[in-house]
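Structure incoming, see below.
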Amino acid sequence: MKSHTEYLWMNTPRRKELVHITPLLDEILERSGISDGFMLVSAMHITSGIIVNDNESGLHKDIMEWLERLAPEDPSYQHHLTGEDNGDAHLKRILVHHQAVIPVTDGKLDLGPWERVFYAEFDGQRRKRVVVKVIGI
Amino acid sequence: MKSHTEYLWMNTPRRKELVHITPLLDEILERSGISDGFMLVSAMHITSGIIVNDNESGLHKDIMEWLERLAPEDPSYQHHLTGEDNGDAHLKRILVHHQAVIPVTDGKLDLGPWERVFYAEFDGQRRKRVVVKVIGI
Amino acid sequence: MKSHTEYLWMNTPRRKELVHITPLLDEILERSGISDGFMLVSAMHITSGIIVNDNESGLHKDIMEWLERLAPEDPSYQHHLTGEDNGDAHLKRILVHHQAVIPVTDGKLDLGPWERVFYAEFDGQRRKRVVVKVIGI
């Protein structure tokens, strides 16, 4: 079994944003030399997540508006008693989940025809990391 | 380390449906010859997901009605400007998550006593795939 | 490839509770002798989940109140026709997801600076299990 680990640094211009990272993951896979196994993509900060869905800008707006309805910004979160103002971002991370495991087959990410991987930032405008670890043969 | 990959083809009679796939996964595990490791089960289309929960028909109705409340069908999704009508299905996939990793121990899926695996279709009535990859020893 | 499996027994005093389990996972990793790979942490009962987020008590209250809004206790769930009263707990498990995969690097859980792992109990006060499986080298 081989293992290969890299970290992506994200720093989004906007506070909330979806960033398409599939091309970066393709490059990491190539550097890993692994042709069959699993790639774990996991947001290391607790106010961001990973989404595997369609690369369509209208849908991306729908996703962000939907998350705002289900986990809205709200000054009354108890987390804000610590001085933070990002309670909603913690909840949004839980809802979309913070990670995905991508199968690797024949040296490629084994995604469906429309599956693309997105970093979902809910409290950005600063440097944050995503761990990408590939294990396999 | 060994690896074994298969694809399930799904084609549900109804647009929205939960399909119990644990028996199919048991068969794949047996064909893999792997006795200890991880099985990844991941819906490759962006309008379906994977749920690990109880095989109880009343609960399944509760799940589908609950998803309809949290991510309702709605003609006003911006994704529909592309000609699609399945914006809700993309959001439901995000909410339930599109995949699960099942531990494999002593040649069996290491599930809890009531855990069963379901393919969650939110835009069916056509052929769609699920990737199942087992890695281990 | 090596593999190591343990089961945590949980029995929370309250029906709903978040339990910090990172220290237990650190101990399991040390016993595994694995320095690079993946640790799967998966709640085996269908009314509990796993959350990776901040260890901050105000946020924990926010999470539990938010889940109560999105997946409330309600006597009218069809699942309750079986005699159960925990329909909401099944839905909460789906929303937070029932598992997480933690990367293992240089003999440590490769978590972000504030990432901590929590067992999320939604129908407790009885013995329930969590499977922890580490695979790697």
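Chains: A, B and C, in written order; residue numbering restarts at 1 for each.
Definition applied: contacts are C-beta pairs under 8 Å (C-beta built on N, C-alpha and C of every residue); 3 or more make two chains touch, one makes a residue touch a chain.
By chain, with names taken from UniProt: A, B, C = Secondary thiamine-phosphate synthase enzyme.
Computed from a predicted structure; not experimentally measured.
J.: Linking chains that touch, what shape results: line, ring, star, complete or other?
T.: complete
J.: Taking all residue numbers used at the subunit A/subunit B interface, answer same if over half belong to both copies and different if under half do.
T.: Mostly different residues form this interface, as fewer than half of the numbers used are common to both chains.
J.: If you average the Cα atoms of subunit A and of subunit B to get two centres, how far apart are those centres in Å?
T.: Each chain reduced to its C-alpha mean, subunit A and subunit B end up 20 Å apart.
J.: Two or more other chains touching the same residue: where does that happen in subunit A?
T.: 1, 38, 70, 95, 97, 101, 135
J.: Going by the contact rule set out above, which residues of subunit C touch subunit B in the complex?
T.: 1, 3, 5, 38, 40, 42-46, 70-71, 77-82, 87, 90-91, 93-95, 97-99, 101, 129, 131, 133, 135
J.: Note which residues of subunit C are touching subunit A in the complex, please.
T.: Going through subunit C, the ones touching subunit A are 1, 36-38, 51-54, 56, 58-59, 61-63, 66, 70, 95-97, 100-101, 103, 105, 110-115, 135-137.
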